[in-house]
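In what follows, structures are represented as structure tokens.
Next, two complexes with chain A in common: one pairs it with chain B, the other with chain C.
What follows is the complex of A and B.
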């Protein structure tokens, strides 16, 4: 029994001590760092970035974020910090720099890894299902809700509200939305 | 000894659940109400026995009793005691044991707090909880038995999965997740109780269920946010959500539970949507089991799925039993679930709740279909496909934006009958704030449509929800002449559920702004530096000071010391991104370091290093407003707490 109590106390102590230990080690690291002599400041490597480079970078990261990192389950090669993802990203950059289109680069990776490499299924054939099913549910559900609200308001509001029901529900969702969203469009 | 105690406890718990689970239905059917206390006793006995088994496992972990298979699997003498004990939920068998314990705890609380309630609802609900527990006990003595005897006894074990012993949040996220997931069993049990006792058409079970759903929902929300935080702090990619199957599995029941928390108000106020609500309760529970099946059976691989085995079929069978059983019960009660209620007018809060339920259902369905599609495609075409972030973002962002809009409109509309004119007036301040926010983010240079829309509608909804407090406080001041603070306090007191709900709305808006800002304005830079060299990202200038190595008992650590420099060249902060190398893992575990301010984080990761310490590749990510996500998660829970806090009046 006393061993159990001791164990409980030990666990509680660990729970309490863990953040403290963390803080201490952080403080220690900071102290270690501070105790070393400061080094000279040098200019950042790489120099300035030209406009063409930044366009290439933007294209590379856009394309890389649609390609799956094969070793990390779910992350894109843009997001993944793994070494393989970094290599694949530079392959993407090289291909784009060599004048290939996004489509060609994607086709290259599909030929190498299969369709699996795309994080978003290609929208044709059987794959259309995954895009269409949610849309069907939305459209069908919207129709169902409008129908229900119509029938639920038909008697109590003397028919006047019934006619306006569908329009009002639809209007409620879209009309003010356009109002606030207009500066974007 | 520990092993035998635990195994016996689990077997007795299994018997208690099996017997207790059938006692109540038989007692009620035969009119022997004097038998019902046996079912109650079984619930308490189950809790005591599973507590013994769980305690035995923690003891075995803490004392490195490698004769027990689970300890031999996840324990190691080098792992710190804290991470050893929390590895209770680090692998499949232990997490099933922990699940069974949480379920036993909830069951005991449900039975105890409702012990004086007349009628058959609670005995039937207790039966349902015992039968669910029986399923987990079958797993625990069968395919997921953590207490197998290992012989000969190994001297040491491999230790927990490296990803699970690398961060303190592993002590927080899984328990919260189980409290949320398992909590959804209680509303389901009440639904079964209501259907069996013929109370499904009355409001009593809904009142019981509502607060339990809110509790489980709040735990699930906290768990999801804590999981995002863990992902951010441990996985080293600077993100917090990847639409990974395990993340989706926790998010899917959260969406249906959110839908229920709204639609249940329509049932309470208008006596409508009874059939829909009971389906949401059953569906939410089934989705928690489906989520567990997807992530624990190894059928879908994921970064968070640390466990797999052959227990998938047990889960599938259990889901089938749950769905078929519920369908039969619901069909048998179709008369009492039918409602002939009416709406007074189409423009009213009821209608917004219908649209909110539609959008949440579509959201849930989209995530579910996307998560399952790789399985379906492989079965149908024999081709592996991936469904990842680009798909989920494209499909769900429009729904999220529409939900933010409804979140502003709903509170502004009255029950029963609203007017478009009043609504338009109420929406003016929100629209102005939304337009200003949209203009600001456009001026800041983003052309990401959903980024702009998310800011606009978050601003819109936030203003309208705050507007409800302003209107309420003004009304109280006008009527009673109270001070602002007194008026605000009494406003919460008078309708804690409603105003607590708006607090939860504000929490979600804060999270939405954090996500929108960090995904729209994130910038990053990677560079290879020699000690003393600097790199610059926006306003951040970082100087590599040195690269160091350190041996710890359970791992080797390589780190870089990087100073953040002020304009004067003086360091104002030191970050130490590391790589932790565990013996059982061939890949180093990145351990980024983060400097947080209320406006955003500087996130730094050590990508690679020269072994002689002559250079290191550092990635710096500028993450605007990320801490808002964690803060918003806290606000959501606060809102749920205010909303569900028991008062004398509601008890």
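What follows is the complex of A and C.
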């Protein structure tokens, strides 16, 4: 029985971990791109402009995807075709080209629009609730289900299957000790 | 037993209901600006509509916030395509004229619009008392955390944003804000002098 419970928990953990891992790897890619980017993007003498440009463009779109478009509903400035979003994107590009870090550019927009401008809240303080609560509820829910399943199966294993099962179906045998002794009602 | 269940259910439900009730008191579309109380973002923008009388500035002139220290600045973002801007236009011009002799400067900033459309709009409204400037690429608008027009900022003599107004502004409201700032600077005449060494 405990193996079944462990299995359920393991599957849930995997389901939960997959998007987190993906987000982390995406963040890592963005970070790598950021660290490789030159301090200031200038056309290298005799070299190609496109390499530096594409790095800058990649950083711009990665960063713009995390910023909320003020005149849209739930769109990032990367995804919005609105004029203001395009202008904000070019502000992002210019700041990055001037050698600012992603954090500095994000701080600039937060200082103008508040944390509202971030599509996902920063993970500290009260905001942590947003990240912690789903995990807490999922684990708690799974624990509840496992507990219930165990108590139901324990009743039938005790050799009073008929009474226990009947009571369980009626939804009244939440407490197996009482259920086995004398069914409620 | 049932009492225990009921109390557990109530204990579980109360925080959720309280959270939803609190959510009902909040406007999800409201973006609380972090700017009031902070130093106003600087700008130096070119005049495209001169304004009238003593308030006029020649077209092409640069209006810079840094050069307006010691003055109350009313910065109004507007556009010719903005309907709500029609409502506040007369109020703004009237307020600008009212404070023409005082250290108060009204500046209009054209947001995501072209100069010709702006001047046509002003002509259709029968003029604008104070000058308006162009904001290429909406850089100044973004600096001020703008997300729509009209939005109006009141900046004190020390260059701090004192107040941000979203939507059409009324002359009465402007008068209240400006008068309190002028009164504060009259009570403490040392305030502009403090700006000197900075």
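One rule holds for everything that comes next: the second predicted complex is superposed on the first by the 105 of 185 C-alpha atoms of A that agree within 3 Å, B and C clash if a C-alpha of one lies under 4 Å from a C-alpha of the other, contacts with A are read in each partner's own complex, and residues count from 1 in each chain.
Basically, contacts are C-beta pairs under 8 Å (C-beta built on N, C-alpha and C of every residue); 3 or more make two chains touch, one makes a residue touch a chain.
This structure is a prediction, so every number in the text was calculated from the model and none was measured.
By the touch criterion defined above, A:148 lies against chain B but remains apart from chain C after alignment on the C-alpha atoms of chain A.
When the two structures are aligned on the shared chain, A:83 is found in touch with chain B and with chain C. Contacts of A:116 after superposition on the shared chain: both chain B and chain C are touched.
Contacts of A:70 after superposition on the shared chain: chain C is touched, whereas chain B is not. In the superposition on chain A, contact of A:91 is made with chain C only, not with chain B. Note on chain A: of its two partners chain C and chain B, the one contacting more of its residues is B. Contacts of A:137 after superposition: chain B is touched, whereas chain C is not reached. Taken together, the two complexes place residues 83, 114, 116 of chain A in contact with chain B and also with chain C.
Those residues of chain A whose C-beta lies close enough to touch chain C in the complex are 70-71, 83-84, 87-88, 90-91, 110-114, 116.
Within the complex formed with chain A, the residues of chain B that make contact are 58-59, 62-63, 80-82, 85, 168, 171, 236-239, 242-245, 272, 301-303, 341-347, 351-352, 354-355, 358, 361-362, 365-366, 369-370, 373, 376-377, 380-381, 383-391, 394-395, 402, 405-406, 409, 420, 423-424, 427, 430-431, 434-435, 438-439, 442, 449, 452-453, 456-457, 460, 527-529, 531-536, 543, 545-546, 548, 559, 561, 563, 565, 569, 571, 574, 576, 587, 590, 605, 607-608, 619.
Remark: chain C residues 31-35, 38, 41, 112, 137-139, 141-148 touch chain A in the complex. Considering their complex, residues 4, 7, 10-11, 14-15, 18-19, 22, 26, 29-30, 32-34, 36, 38-46, 65-66, 68, 72-76, 79-83, 86, 114-121, 126-127, 129-131, 133-134, 137-138, 141-142, 145, 148-150, 152-153, 155-157, 161, 164-166, 168-169, 171-173, 176-177, 179-181, 183-184 of chain A touch chain B.
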